[in-house]
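Common to both upcoming complexes is subunit A, partnered first by subunit B, then by subunit C.
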Partner chain A sequence: MDRRHPSVAAALALAVSFSAVAQEPLKIGFSMSLTGPLGGNGRAALLAMQMWAEDVNTKGGLLGRPIRLVYYDDQTNPANVPGLYTKLLDIDKVDLIVSSYGTNVIAPAIPIAMQRKMAFMTLFGTNPNAKFKYDRYFQIMPNGPDPAVGLTKGFFEVAMTMDPKPKTVALVGADAEYPHAALEGARTNVKAAGLQVLYDKTYPMSTTDFTPIVRAIQATNPDLVFVASYPPDSAGIVRAANEVALKTRQFGGAMIGVQYATLKTQLGPLLNGVVAWEVYAPEPTIKFPGVEEFLARYQPLAAAQQLDPLGFFLPPYAYAMMQIVGEAVQRVGKIDQAKIAEDIHSHEFTTVVGNVRFAKNGEWAEGRPLYVQYRGIRGNGLEEWKKPGHEVVLWPARWKSGDLLHPYDQHRK
Partner chain B sequence: MSGPLFANALVSGLLLAGFYAAVSVGISIAFGMLDVVNIAHPAFIILGSYAASIANASMGADPIVTAVALSPAFFALGLLLYRFYHATFERRGREPLRGLAFFFGILFVTEVALILAFGVDYRSVTARYIGTTWRLGTVDLPLRLFVPFVVSVAMTLSLQVFLSRTFFGRAVLAVGQDQLALQLMGVDPVRIKQIAFGISIATAGVAGALLVIIQPVQPSLGREYIGLVFAIPVLGGMGSIAGTLAGAAILGVATSFTATFFGPSWAPAVSFGLLLFALAFRPSGLFGR
Partner chain C sequence: MKTSSFTAIALCTALLVAGTTSALVTNDYFFSASYTVLQFVVLATAWNILGGFTGYVNFGSAAFFALGAYSSIVLDKLFEAPITLSILSGTAVAALVGLGMGYLTLRLRGVFFAIATLAFAEVLFTFVVNWDYVGGARGAYVVLQGRPPLGFRSFVQFLFAIMALMAAGAVAIARFVQTSTLGLGLAAIRDDEVAAECSGVPTLRLKLVSTTVSGGLMGMAGATFPYFLSYVEPHGVFSLSYAVNSIAMPLIGGMYDWAGPVIGALLLGGLQQVLQVNVSADWNLFLVGALLVVFVTIAPHGIMGWTFRRGRRARPT
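Moving on to the complex of A and B:
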């Protein structure tokens, strides 16, 4: 016979029960590009997300529950994404979902999130929600409320500072979701600037040699050449521009890949003169609170795992994305997708990439994409890229650290 | 259409064709002559790229030198792979579909092994000639493409001479036509096929070194080349090395001209349209028998 007082026994049973509940992990599910063309960056993002989960768990978890990240490799293949998110929600029973990296793999996940009415924080998609208009969609890339236009605006605003002003432009990009969105935004900016389009074409992702494309562009003799590309093509186009000795006044654009240490070091001096989109640059004018502290923690871990050793591009934003989700869940106090989405819409968040407030469409209410000009790179080492003066911020004016050097062909090397 | 633009498009197409020939000549041997559907060939090309990149990063070795030095290793890998394929599939008469699944498996295993060993970041090489362009009048000759072209043409022509002028080469050509006749002449067809498959994989290693000179690579990049490596031997004529060279030249020049004058997004459609057109009139390919 149990001699203990019934209320004590009940309290003990309740405590055991609460303890079990408290130990139930809070599962955050996502697919991530761990292999395939964007695998390098996907793995760097995953590391940042794991750093966040570890930080939260060290402080006792979220809602008293330890964080568990449940993720699968989508191989940078959009076709894999719907199946993976269905598995995460139906089999793994995750509490929250966030996205993989990049427009191409975010877009196919949005219908699943909509169907299940999940709050959906996404990582660097260029306007994939434009057609869905999902009200629980959020995006951490800092391009502003009109992301495709915001992404490319700086390139053309910088160009229009030249004297005499440019009159013509060539637009080129890969046949894929992100470059299409970037080119669409570029066309809007081109129209606003009153530029004449001399070349506007896309190329297949399997393109090996870019010299015929660059020569075809050169034949039209444009003042500006805007490129929207993925890592291997960014490298190919920059090499081709140097080999063909492209003569234009400004060359660059929203080229994915040149933000990573791998391509920066591979291309080295070939990048000199290029005007490119970045989200961080080690310039004295760039002081986003928290970024440098984050990078100091990230860089040794990344080096050990053979990941992007600089981490300027995606990792701080991947960490910030998770901070926002965590803060919203903490404030709501339970897993309620509608309330979490409402909370993200209605609050400003302090993150490692600075303060973030979201617009009605889930994009940053106030964008801050950067356009930088690479210059003075002499070798293929990493150290030069860590020092100021090699990624001079041209736009926006608030973070500007230098003026555009033009024409491109005279500042190529 | 300006003269210099036309001349540059032609030269670019021929340079690209050189690279195309290197990546597809191994398939011409394996698929065209030996009837082995080695769909993992692009994975061995990427393996060659990684070998060249690692030797380049650690010892500063030139990718071409690495490719030549490692050819025996790739050849040996081909010998082992064929021996396993023969014992488990070919000898049991299960080669057509299961063999294809086997090589698919090899493709994925190679990719995953590269990811586990070296990560997923892009890898490249540095060499003095990369970044240098010779200008011959109005024609540009980027050495990043010209060096692979020279190596590829030399390799392909050497193979053509070897296969057409030597006893072993003729035996390889014969094994694809009538194995029984070969056996009656006292030649072991399995041994011939094994060595020929080794040569096929050795060419993949060299093609990999050429690829990493042209562009950065990552483990799954090989998949982009699956269509191309099979299309070129089919266009040229299965089992014909000269046909492979001609097929590569046609697709390379077509790709370059389309990209220059009509828009690069049309290049695959034009290339594969040419393939269908050619096969409609010559089902056995341009140089097929």
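Moving on to the complex of A and C:
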């Protein structure tokens, strides 16, 4: 008898898994930036999405059907996106679609999703739905219902906690989609805080030497310096601020790149004192259900594939995006785009990036971008960044793990 | 064949293809991919009028393409102009800018002219990035609303039909340029500009016609781009890939004949579409690069030159 039990269980398990396999796969289609400027992040996001698919398939699939991800490389080129999504929908006959990474490649896919009335979950776009106003659009970046303002609000709220309060600010960013959006949001927050703008300029994306820019900012002697940049310029500006020994009370901003292991390890101690936008930090206050387990599984896989070995930025959100789609489909019980969209609108989701509820425009109903201050970084190794205490969360108050150290020039080292 | 007959046949063929495919093909992917290939037919044909027929290498194709795209955006923002008006204005603006650029730069030759066109693209890019009315660095949205016109099932089908007509028109213009006395003058400039000038060819005037027509056609290709993509931002529309493909396609097809860029665009553009969804993008780029190297070394005059030479060899003496 004892010997028969395991075999019966095994047979049952086999039957269950065979029934899932025998079912037509549930196809989820998307384009992803696997090459081009955002290729590194795109590949990391893809790995997270594959991990989700594997997790679901191990549990018997979704609606009893195994998940199959159907994806193509959009090369971070918006012109490729319409063709790829029409292929996914018309030739590959996918059941669901999600997006690639970033506004530039999300926006061209929205009209196609609208034409086919597809529920469309997207990954880190800065409000591309503002013009389309598509009611089945959703976005996983945690900046809140007004993404540009929500993205930058924390920097200025942290600044206004200083005593005496700051009075002046310098705004600088790259000539590109995201930095312009961030600067627009920053101007709104600057106005709300009653700060005087001493410097408000952008630089071409081809800029490599940021020393003249930082010197020009220094000449205006602002209390705050807010930067909106892409990875190469984030590195350049942080380096220049250290070379010029920038004197200001708070320095940082919505700088893309400092969230990745590459820049964290490359810049190392140069990041000390910087106040930057993050979406995850390994702090004791940030305990989203399952995020640590996710990262523990992700990190060795990413290291093997030479992807972002920390995975604090995009991967948990890519995984969460799929969790939300999966949960909604499971609850609806069938592939009904209208009902899936309705379900996502009307429920709160528990994901590896915390609890998520969506606003009417498809953004997070309540934003949760983090503003952290980098501290105590001694070397250029990776291990330091995995430990708490080096990315102290200053804002929002609910997740706060420490107070701002200021002025910047005294806490730079 | 007379130019008028060729033009009529080309336009009728385009209409027939657009009509038949719209009736028979039900998936939009076909139209989306074909739109991109035909867009490159227009771009490559336009580039070849200046680069192939006249011998002036233009690295600023993306700038003329962007002029067309941004003309449409301006008209859309002003009064949601119909697409036909956008195409006409995009063509006109790019043609005028082509004329102006030609006037300023055609004293330069060879690599210096090529660098000037590259600089022109950079100047225009900087201008657009700082022009907030057209979205600046954030880009601009053009949202097509309502039902597609003329009974088409989807907007992409409609845009494909328009692009097919534009491609036919561009090819007819290129053929006219090649076979007319204008083409002979341009060929004389390409072969030896000093000798052409000494022989009484009005070189500056012909070169200005060449830059105007070439620029105008590139602008025409770009005019429908915002409708196809719905979202245009400077880095995408000024992408170097437009400049590179505009040169590579005539190079592969053959630069001395109107059919060369068409063959090159259909081959390379079609191959890129196939590889994009069947092979990884790394291999896609590798294969395109390899193809270019092969053609430049084995068939420097492209497919047209190669077949013409083989035909001549095979002919009994």
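Quick note on the criterion: the second predicted complex is superposed on the first by the 391 of 413 C-alpha atoms of A that agree within 3 Å, B and C clash if a C-alpha of one lies under 4 Å from a C-alpha of the other, contacts with A are read in each partner's own complex, and residues count from 1 in each chain.
Convention: a contact is a pair of C-beta atoms (placed from the backbone, for glycine too) under 8 Å apart; a residue touches a chain by one contact, two chains touch by 3 or more.
Quick caveat: nothing in here was measured; it's all calculated off a predicted structure.
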Fit or clash between subunit C and subunit B when superposed on subunit A: clash
Touched partner set for A:Ala79, first subunit B, second subunit C, both or neither: second
Touching partner for A:Gln266 - first (subunit B), second (subunit C), both, neither: first
Touched partner set for A:Pro231, first subunit B, second subunit C, both or neither: first
Partner chain in contact with A:Arg43 - subunit B first, subunit C second, else both or neither: first
Which superposed partner A:Gln305 touches (first subunit B, second subunit C, both, neither): first
First (subunit B), second (subunit C), both or neither touched by A:Leu34: both
First (subunit B), second (subunit C), both or neither touched by A:Ser346: neither
Touching partner for A:Pro212 - first (subunit B), second (subunit C), both, neither: first
Touched partner set for A:Ala181, first subunit B, second subunit C, both or neither: second
Where subunit A meets both subunit C and subunit B, residue numbers: 34-36, 75, 175, 202, 204-205
For the subunit A and subunit C complex, residues of the former touching the latter: 34-36, 72-73, 75, 77-84, 86-87, 89-91, 104, 107-108, 110-111, 115, 128, 131-132, 174-177, 179-181, 184, 202, 204-205
Parts of subunit C lying in touch with subunit A, wherever the complex brings them together: 26-33, 36, 126, 129-130, 136-139, 141, 143-144, 154-156, 225, 228-231, 233, 235-236, 239, 241, 273, 276-277, 280-282, 285
Subunit A contact footprint on subunit B (complex, rising order): 2, 5, 8-9, 12-13, 15-16, 19, 111, 115, 118-122, 124, 126, 131, 133, 140, 142, 144-145, 214-216, 218-221, 224-225, 228, 255-257, 259-261, 263-265, 267-268
Subunit B partner contacts - residues on subunit A that touch it in the complex: 34-37, 39-40, 42-43, 75, 175, 201-209, 211-213, 215-216, 219, 231-232, 235-236, 239-240, 242-245, 257, 260, 262-263, 266, 270, 305-308, 380
